[in-house]
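In what follows, chain A forms one complex with chain B and a second complex with chain C.
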Partner chain A sequence: MSTDLADLLHDTTVLHRFVDFLEGYCKEHESSKTYPDSSGEFFGYVRRLSAGIKEQLPRQIRLARKFPHRLPTLRSGILALKQYLRILHALVKPATDAHALTIPAPLIDLASEQLRAVDAMSGTQVVVLLASELMYFQWPHTQIKLQATLVQEFIPRAVLPPKLGFIELPYSQGPSFFTNLNIYHEIGHVVYEELAGSSRPNPHFVRLKSSISRWLTLALPSRNRDPQSIAVALRIVENWTQEIFCDLFAIKLIGPAFSLSFIEMLGMLGYLSRSSSIRFNPTHPAPAFRLAEHLRSLSDDGWWEAIHDTNCEQKRTLAKLAAIPSSSYRFYIDEKKPGLQAFVINFLETVAPAIRSLVSEVTRNASCSASQFSTDRVIINKCLVAGVVPHNPGGSALTPVSIINSSLLFYLTSIAELIRHFEKSNERVTVEIYSKWMKRVEAWTIKAIDDSRLYAQLVENRRAKA
Partner chain B sequence: MTPIDLQDRAEYLTLALFAQRIVSVLMAYVDEKKSAKLKGALEGALDSLQRVQHPTLSRSKVAAFGSYEQLRTLDEVWTDQDRTRAVRMIRAILRAPDSPKSSKIADELIRLFSDLQNQALWNFEQPKPVSPRVMQRLCQLT
Partner chain C sequence: MILSQRQILDRLRKYTVGSPKSLVITPLIYDKIGDVFDADSVDLRLGNYFLLPRVLDQPYFSPDKTSSTTLHDRVHVPLGEYLVVPAHQTVLGATLEFIKLPSDVSGQVLTKSSVARTFIVVETAPWIHPQYRGCLTLEIANVSNTPVLLYPGRTICQLVLMSLKDEPKSTKGVTGERKHKDDEPEANYFGPVYPEAPKFRNPEDDLLKLGIERVSSLKKIDLVRAGNRWIEE
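Moving on, here comes the complex of A and B:
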């Protein structure tokens, strides 16, 4: 056997062992733990792909024996397949870690249900991953889809389920509730990518793309327009577009609760100082601009008025940063280098209005109601102060969005009141006591959401039977 | 948030798989006289190569060269003449797939796309930041 052929045999054997492990790993976890359906779909894909690769490998050896001058090319092909598996490998472990006991399942279920009510998103599924980084992420699935389509040419049975997105939660935040409201932003990325890849594009998305073309003409001087510079400029504007789209999308679905938990997250990462908050960078628009967009959306939908009597730090921060004039925003291409200011000016004037229209359009059947919240909030507050799970005996069911927003506002402003009710008055309030009652409010919120969804299911079932 | 590093690397891998598809189809055509997938794959390659001068946001299912990473890889491994030659060779094969000449041309194309694939796989392993030349064009006072 030639050395080259022996090398190819080695490559294929290593690949065989690799996919054999992945296949077994998925099977083992699926049989021992409970996962959302979306994870099952993903594991199924990995299993089919692994089995398909094992079937195809002998063909590579046959080709190499028959056409030895192709050996280097065949080895490159195997390497490309291995690298694709490397991407999947990075997804499989955090997906198996995200089982029913480690993720906020009621919130994930609720968000998935809301997602399917968004225009053209029925059938979309989100695989949850538990990540080691203290940050919420969405794995851009457009590239994975493109790669899966190309791999399918060689492994025909490996069909990636359509409309499968991936979001990452920090493993430490799995059990908490309110911080995880940030997943709505990440789900927004999934929606945006689906809209961008749709074979029947939404007319508002087409308008957004036109506004981006206009932006390019206005923002990048014609002497700077070579293909690579255009591609980078488009990447930057698309990053900004997606971030604003996702923020507004999240607000449409769950109201101010998203903004307030988002501010908590930004504060934790140190992005809320005045100097940081006015900086656009190649991946993100300035936090001050994002919050100005939050405030605009909340005001337009009546939410800002509905929470006017709430006085918490997060709301004050939102108002303060949103009030920074847009003329203060600056774009930096890296830590120190100022980028073309025309990028920012034209983004605000040309692209931002198109993003707003698109979000309003796609969420028209999924957006939440501020007036319902105002009615429900009184009942929910009474329950929480009394230390019981929010419910409305004899009345109409509380909506999950009302429960989330009322409970979060209570969590941010009224834990001390709860402690005064339930703890001995002469006892000094410690972090442990505070934390205990915060956890309780979260637990009551989760239970209330579960109850609300169950009740809605019951009503729907009765209606169907009638 | 999106993990940008991974996103950038993923662009290289997509290009490597794109090139792999072309190479596989051409090898089947030259070595095994199979041409069932030839037309679709070569038309996709032609379409992508013709769009190189005009990157856009929208990406068709099999198109390449829409991102900075893919354009840069292409520039690293092919000259402008190589690109023109590749377009000419693809057209020739599509025009006369049964001609014995096309088989020779396909062999040359396999070499070009293999080089592209290898560079894309190398860049996937060793991703590079945006070049200073491009950065400069996006900065003030250029």
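Moving on, here comes the complex of A and C:
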């Protein structure tokens, strides 16, 4: 055997052992745990891909023996496969960690359902990953899709499910229901990425892109328009655009519950002091500006009025930070150099309006209703204060968005009332007792969402039968 | 007096959820009343979550403070899937329905006769006190010689309700809502939506109340080698 062929054989065997493990790993987890459908599809894809690669590898050796001159090509093919498998390898483990007992599965299912109702997003699925960082992320999927298409030529039966998004939750927050409402923002990133990569661009998205070009001419003086500065400036404005798009998208889908849980998250990360709330950075707009946009959207859709009687710290923080005048916003790339106020001012005036119209357009079939919430909230509060899972006896089923918003507001304002009502002890409420009742409200909320989806499915089945 | 179908329906429909007289069963899924209501009972369905007994690393089980975390593994079975209960094995499940009993009504959970004839026994502690809230934890035992499949969403037991002759003069807060008399802080079993592992205090704490001053316990001992001898660590 020539040295080159022996090297190829070794390389191929190493890859074979790798995919053999990956195949078994996916199979084992799929059969021992319950996952959202999207994760199941993803594992199925990795399994089929691994099995396909295992079948193909002996063929590579046969080809190399027969046509030694093709050895370099065969080796580069194997290298490309390895690079792709490296990405999948990074995704599979956190996806297997995110099973039904470690994530709020009903919320994920609900969010995926709402996502599919968004313009041009039908068929989209979200794979949840449990990450080690205390942050929510969306894993860009365009590159994975491109590589999957290339690999499919090699393994035809390994077809990556179309429109598969990947979202990371911090593993510590996995079971926490309300904190995980932040995933709606990350789902916004999935939508934005799909919009950006669409072969038939949404006209409002095209308009947004033109507003970004206009922003560039206004924000970057012509003397500074060298290719590198333009690239940096575009990267910054693209980041800000996506963040605002995702915030507004989340609010359209679940209303104020997103803003309030977002503020809880910002508080946990320490971004709510006045000095840090007015600072834009290259990846994110200032929290104060984001919250001003939240408030505008909530007011426009009637949500702010619908929760006017709620008095909780998160709502007060929202109002306080949103009221900071835009002239106070600051942006520095380098602290030693003057601030780039033109970036901020022109973003507010030129790009933000285009983001708002794009969000309204894409969510027109998926946005939620504040008026339904106002009706449902009375019923939900009565249930929760009585220590009962929210339901509407004899009436129409409660909507999941009403359940989420009402329960979150109850969670933020009325846990003490619930404790007073049910704890026999008159001793001071301890953190343990408070936490126990918070968990109960979360559990009742999850149960109510599960039940509401079960009712919806029943209605759908009856309608189909009729 | 056992509540009739009409009385059960009245309790479900006539009172607001906060009323002490109200009965809650949610979700209550049926096409026709007869699908889940009998003349004197309501059928309840099996929920999606289970606690499976764990193989212990000790040769005995002692009901004490650690038992709620060491005894079981939690499992989720989605609707449409099944759980296999091996012959002569037990699992803890829960009803799909969350219930709230009125302050003047007790309940009893019984295995549905069709289920019982497969030698699946549901509930060995079937009494439910007035005002109980939560999905009912079901102690499910397969006493047959063959494995049996359990499908979440299928009816598995029936709830019989009985009115109290005298309404309790004062409710004990959550105290009155306990399903089992275990003298634990009563709020422990309040409002569960998943099957609940048993919660115990340490036996010595319970027995102290009876004035017992010496309690034996089985203790796991680790031995370490000291030269040619083994000593307790």
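Descriptive notes on the structure:
The criterion applied here is as follows: the second predicted complex is superposed on the first by the 392 of 466 C-alpha atoms of A that agree within 3 Å, B and C clash if a C-alpha of one lies under 4 Å from a C-alpha of the other, contacts with A are read in each partner's own complex, and residues count from 1 in each chain.
Heads up, the rule we're going with is that a residue touches a chain if its C-beta (ideal position, glycine included) is under 8 Å from a C-beta of that chain, and two chains touch if they have at least 3 such contacts.
Small disclaimer: the values here were computed from a predicted structure and weren't measured.
After overlaying the two complexes on the shared chain, residue contacts for A:L146 are found with chain B alone; chain C is out of touch.
Once the two complexes are overlaid on the shared chain, A:S435 sits clear of chain B and of chain C alike.
Of the two partner chains, chain B is the only one that A:I212 touches; chain C does not reach it.
Look at A:M135: by the touch rule set out above, it reaches chain B but stays clear of chain C. After overlaying the two complexes on the shared chain, residue contacts for A:N461 are found with neither chain B nor chain C.
Partner contacting the larger number of chain A residues, of chain B and chain C: B. Shared-chain residue A:E238: touches chain B; no touch with chain C.
Within the superposed three-chain model, A:C383 lies in touch with chain C and out of touch with chain B [touch as defined at top]. By the document's definition of touching, neither partner reaches A:S371: not chain B, not chain C. When the shared chain is aligned, no partner comes close enough to touch A:S299: not chain B, not chain C.
Of the residues of chain A, not a single one touches chain B in one of the two structures and chain C in the other. Partner chain B is touched in their complex by these residues of chain A: 63, 66-67, 70, 72-73, 76-77, 79-80, 83-84, 87, 90, 135-140, 142-144, 146-147, 149-151, 153-154, 186, 189, 196-197, 209, 212, 220-221, 224, 226-236, 238-239, 242, 283, 333-334, 337-341, 343. Note for the complex: chain C touches chain A at residues 12-13, 16-18, 24, 26-27, 29, 74-79, 81, 98, 100, 133, 135, 172-175, 186-187, 190-194. Interface residues of chain B, counted against chain A in their complex, comprise 1-4, 6-7, 10-11, 13-14, 16-18, 20-21, 23-24, 27, 31, 37, 52-59, 61-62, 66-68, 71-72, 75, 110, 114, 117-118, 121, 124, 130-131, 134-135, 137-140, 142. Across the interface of their complex, chain C is touched by residues 33-34, 99-101, 105, 382-383, 385-389, 391, 393-394, 422-424, 436, 440, 443-444, 446-447, 451, 454-455, 458 of chain A.
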